[in-house]
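There are structures below to look over.
Here come two complexes built around chain A, the first alongside chain B, the second alongside chain C.
Right after this comes the complex of A and B.
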């Protein structure tokens, strides 16, 4: 059995370097142009006798339906359902980077966070309590310094564990929104084909956000009017 | 669904984003402590490199150093490749001594033309190594930032500069990279101004002519050519903004990566990725081109022209003679005319075709032969024309597919020829005025 792993992260977090470290002989250039990874890069590596198929998703800050890069990543995660999604987070810029992590949690992906550029974070005077962060997010967090190949073995180990026992995390939003999400989830669950392909909670959040793609999915279905009632 | 109102106000997406950020702050309050450390090294470096007054001069100095490096360091490699090729050439020469035409094909066509271009791969590769180093270190992103201020004054989007920097390698991926520019007008301006950025394929022409006509100043002459290309690209962008694509550029937000020392492995990989295109082109098109060019130069309507003939009566000579009158005021002869026609296929073919023409004529030392036929002013005009007129056929194809318009593709071709001619003529007149219009008078 091949384990399918996707790499995702903001631009310039060292995603390409991690890809090169994991995949031996990867012929991928590591540059600094924002949004360098425009096309899908793939590679394979072996770990403990298991084969891993790695996909490098475009660097992005969020997962809206507006930008092509973001749509590519989110469609991949929704439709291809990779076994593990490795979210590379820049430790020296955690606040902005965790935004994408929350979006991935909403997508109910099986996430592993690689907290990269720990050396830069340290030089900026940041101390991160990794275990605490891991328990708050509900996902495993591995510290890495990709440019020095630090933490790569640990990362492979954690990916292996996550692949064997997937535990998608979840986030609870403030009660006003949660109430709305729950109502929508109840309505959406009626459409079995829709919710088998997309997480119901995610659909609900996207409806609240008025995401173009999701609204088009709902349009014209019997759900349409029921959803309008919720907002009425 | 458009009637869906929401409890989250006018822009639910932004409201939702704020909620997420609130949650993140909550998490980080528990998990993150920040100690003040003052400015990081990267910040200090940016204070200088992004300085309002120093930014552009520093950029220019770094680019100048880049060309100086690629010319100086490649000299030894060029000699090695040349020596190796001459040895092989002589071996084949003795092998084919019995058959005059076959010997001419191998000696003049393959070794005079195709092999003549190969040593020029050394400066191309070294320049790409330098570019890779600047890019991987995080400096190129700053260069775009530094140039944005200048470009914005001219009504040009700062992001336009990113494809421009890519154009130093090859205009084709650079024109495709314009896709990342959001506004349609900004994107069109970026595509149409990109071909004037000097790509790697133009470098052999500069190296050959700069060494023959401006010895001792090769690096600086090449730097000036690149800067001229950049200036024409920016001018073209400004002109398009003022005429066909009126309006304000969209705002430019860009994240500056931190500086880092690029690893040798990364830089070499990057150099290889860009340079291998030129190797492949050499192994296929330039090789095939050499055979065709040799045939056109060694044969004419009268048949095979014999040993060390007058090439001006060959097919190449006739073809070059057709457009030569237009360029006569700049001192171009039929040889340069023919080189311009062939270089439309790929700009390094200009060097290849000159190599073949001179080889068929019986000249081995092409640098000296060039200096014996043209003045430095003509050489400069030729370099400028090569820089600015129609990019290669492949780049024209890319302009067509990316603009999706024959009208703009045609515009790009016609405009490029006009601007190339005008600027080449200005340079010719100015250089002639300071006494560089004399043949053999460098």
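Right after this comes the complex of A and C.
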């Protein structure tokens, strides 16, 4: 069985360095997304007898439907459903980076966080309580320094564990929003084809955000008017 | 005092009150961490006054002056 792993993170956090560390050079190649100008890199590595297919998604700050690179990443995670999504976080800039992490948790991806550039974080005088970050997010967190190949074996191990026993994390919003989400999830669940391909809770959150792509998905379906009633 | 983000001078810090405008630009600015309550500091102007560099949430972000005009901030004493 091949384990499918996607790498995602803000631009310039060391994603490609991690990709090149994990994938033995000879097997690496660069490919194009069908019909898109945004490039993705794919490669393979072996670990403990298993084969891992790695995809390096375009660097992005967010996962909106408005930017092609972001939509490519979001669509990949929703439709290809990789076994593990490795979210590479710049340890020297955790606050901005964790925004994407939360969006990935909303997407119900099976996440592993690689806290990269730990050397830069230390030189800036930051102390990161990795264990606490991991328990608060509900996802495994591995410290890495990709440019020095530090933490790569640990990362492979944690990816292996996450692939074998997926534990998607979740987030709870304030009760007024949770009330809305609950109502929308009930309505959305009626459309089985929609919710087989997209997590119902994620769709509900995106409807509240007025996400263009999700609103287009429900437009003209019988759900449309029921959803408008919730907001009336 | 409430003012536009674009009116801050180098070294001035403020707290974000709200984002005016709508659509993709507003969403993008919020995605980059400029949300109500965030501390933001004006760092410098480009030579012709546009774009403008700010420090927010521990990193440097450059905005067009027109985008900074849509962000309302408070320059009250820091919390």
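We adopt the following convention: the second predicted complex is superposed on the first by the 219 of 232 C-alpha atoms of A that agree within 3 Å, B and C clash if a C-alpha of one lies under 4 Å from a C-alpha of the other, contacts with A are read in each partner's own complex, and residues count from 1 in each chain.
Assume a contact is a pair of C-beta atoms (placed from the backbone, for glycine too) under 8 Å apart; a residue touches a chain by one contact, two chains touch by 3 or more.
None of the values given here were measured: they were computed from a predicted structure.
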Partner chain(s) touched by A:136 [first = chain B, second = chain C, both, neither]: first
Which superposed partner A:95 touches (first chain B, second chain C, both, neither): both
Chain B versus chain C as contact partner of A:192, first or second or both or neither: neither
Comparison of chain B and chain C by chain A residues contacted: B
Chain B and chain C contact sites that coincide on chain A, given as residue numbers: 62, 64, 94-95, 99
Contact footprint of chain B on chain A as seen in their complex: 11-12, 27, 29-35, 38, 62, 64, 92, 94-95, 98-99, 102-103, 120, 123-130, 132-133, 136-137, 147, 171, 173-174, 176-177, 180, 205, 207-211, 215, 218-219, 224, 227-228, 231-232
Of all residues in chain C, those that touch chain A in their complex: 24, 27-28, 31-33, 57-59
Interface residues, chain B side, partner chain A - complex: 1, 3-8, 12-13, 16-17, 19-21, 23-25, 27-28, 30-37, 40-41, 135-136, 138, 140-141, 162, 180, 254-255, 257-258, 260, 263, 266, 269-270, 273
Chain A - residues contacting chain C, complex: 61-62, 64, 66, 93-96, 99
